[in-house]
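Pasting a structure here, questions to come.
Think of it as A, B, C and D in the order they're written, each chain with its own count starting at 1.
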């Protein structure tokens, strides 16, 4: 059981790290603002989500685990809406619109 | 090289790069955005320096509220950007020389700090048990150096009066305005309705946990202020005119109770700001609770700036 | 070199960078940013001293920590005051600059465009 | 496990540093703000990892604060961004 949890931690955190890497590369290499935004949202949702999932077994108390999930949900909520807002702003500022 | 040291070195490099870019960035708004990122990063550095209380404050004020304040100012001053003349080469050279000298002197001081570092930690810890607090920083703020905290509240109120006084006479008591043109969009509205309940909960939690763990009135108050500003920014609710009595009362209630309890200390414990034995913790919680509200309203009003619209009757 | 000393040198460099911006940047709002940068360098120095003074089972000396928290809040209040002052200057004179030539123009020509 | 997690922390920090380049180089203000949103998320991940590594639960509170205020700064940016002339339907009321 303990080993299974450790494997879960390693796998999930590695996955999260990979998504962070992918997000950063996307942010740096994609050609325009909206595609970069696309890269960013993956990190917000899945990258942080996987890292939180991986860290849950290491949290000492259920309360702490709940707090970590709450933080992830908060980032989900704000990340999704802020990306939407930024996309609206980009759309507005486009020369042709 | 051990992993943690690699971590610290990358932090230092990124932090310094940010600082340089804030100074050399071409546009003001860009510099302000980099400053926000810098504030968030600095919060992590404070965690690395084992100062979570400071990290919370820096994330809230450096990364959040200062950013809002400066973004607002930059939006209003956008028109003047082109008119400023850059400093001459000789000024730059002299300035660079002065700054390098200052930095080197400071670095030398850092390098030659005494090995047995002087510390007030034992003194601060010694007075902690009798107050019933578990957070040493809260102990310092409200027991060991309570006078400093009280005076700081006075500074905040003075700054608020100062900001309000910058309005022309006819606008005194009028309504401040956070954004020149609030943006009305359904997404923003959704966020303004969903985030404040979460934020208010986080703010109250931050205040409540502050007696025992890192957190406290400043951090909690700043979250509440940020949530208020969020609601204002999205146009859901206007800032009330600064002449509103309840708002002014709320701004001074925390410091006022602090002063009253301070003077009561003369009668009950023979010194200003001394707490009678056994009542320290409840009294500190009363002070912190009211201070949280006062800090929230004062920081929010400071970020909103002077009134720009006359009071409607 | 340990991490605390590293952040100490980092703080010293931040003070220098902030000071440079404060002196050379022509726009007052940028000066304000640089001033905040300088302040954060000073706070970080406090943090380094606090970290070195770790004792009594704590990660750092709580007294400098409390001072820095107070300092951050006061720095915010000062920044708010300065920003409000700048916006008012702009509304009165049409330009926000601390340049002495432009300021003289602002005194004599009220709706002035500075040279 | 500790060394794995601190390795992950260094990794996330490097990702943040990469994203920082976007904050520094822009080119548009929106790009900078977006990248600093990533910085916020990365900071949250980093703090959670550090909380697990150094076994200091109070880091989780700092992560909560960072999540809250990174979003707050982005919203402030969007709200104060200049708009197209035809959309300024409501003047700010500055007489």
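In this section, contacts are C-beta pairs under 8 Å (C-beta built on N, C-alpha and C of every residue); 3 or more make two chains touch, one makes a residue touch a chain.
All of these numbers come straight from a predicted model, not from anything done at the bench.
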item: Contact-richer chain pair (by C-beta pairs counted) among B-D and A-D; value: B-D
item: Chain whose average C-alpha position is farthest from chain C's own; value: A
item: Length of the line joining the C-alpha centres of chain C and chain D, rounded to whole Å; value: 22
item: Centre distance in Å when chain B and chain C are each reduced to the mean of their C-alpha atoms; value: 13
item: Multi-chain contact sites of chain D, meaning residues that touch two or more partners; value: 16, 33, 35, 40, 64, 68, 70-71, 75, 78, 81, 83
item: Shared interface positions of chain C, touching two or more other chains; value: none
item: Residues of chain B engaged with two or more neighbouring chains; value: 4, 72, 188, 191, 195, 198
item: Chain-chain contacts as defined at top; value: A-B, A-D, B-C, B-D
item: Touch list for chain C against partner chain B, complex; value: 3-21, 23-27, 29-30, 32-34, 36-37, 40, 43-45, 47-63, 65-70, 72-74, 76-81, 83-88, 90, 95-97, 99, 102, 114
item: Chain B partner contacts - residues on chain A that touch it in the complex; value: 74, 77-78, 81-82, 84-85, 88
item: Chain B to chain A touching residues, read off their complex; value: 185, 187-188, 190-191, 194-195, 198
item: Chain A contact footprint on chain D (complex, rising order); value: 1, 4-5, 8, 11-12, 15-16, 18-19, 21-22, 28, 30-31, 33-35, 37-38, 40-42, 44-45, 48-49, 52, 55, 57, 60, 63-64, 67-68, 70-71, 74-75, 78, 81, 83-84, 87
item: For the chain B and chain D complex, residues of the former touching the latter; value: 3-4, 6-7, 10-11, 13-14, 17-18, 21, 27, 29-30, 33-34, 36-37, 40-41, 43-44, 47, 52, 55-56, 59-60, 63-64, 67-68, 71-72, 75, 78, 177-183, 188, 191, 195, 198-199, 202, 206, 209, 213-215, 219, 223, 226, 229-230, 233-234, 308-310
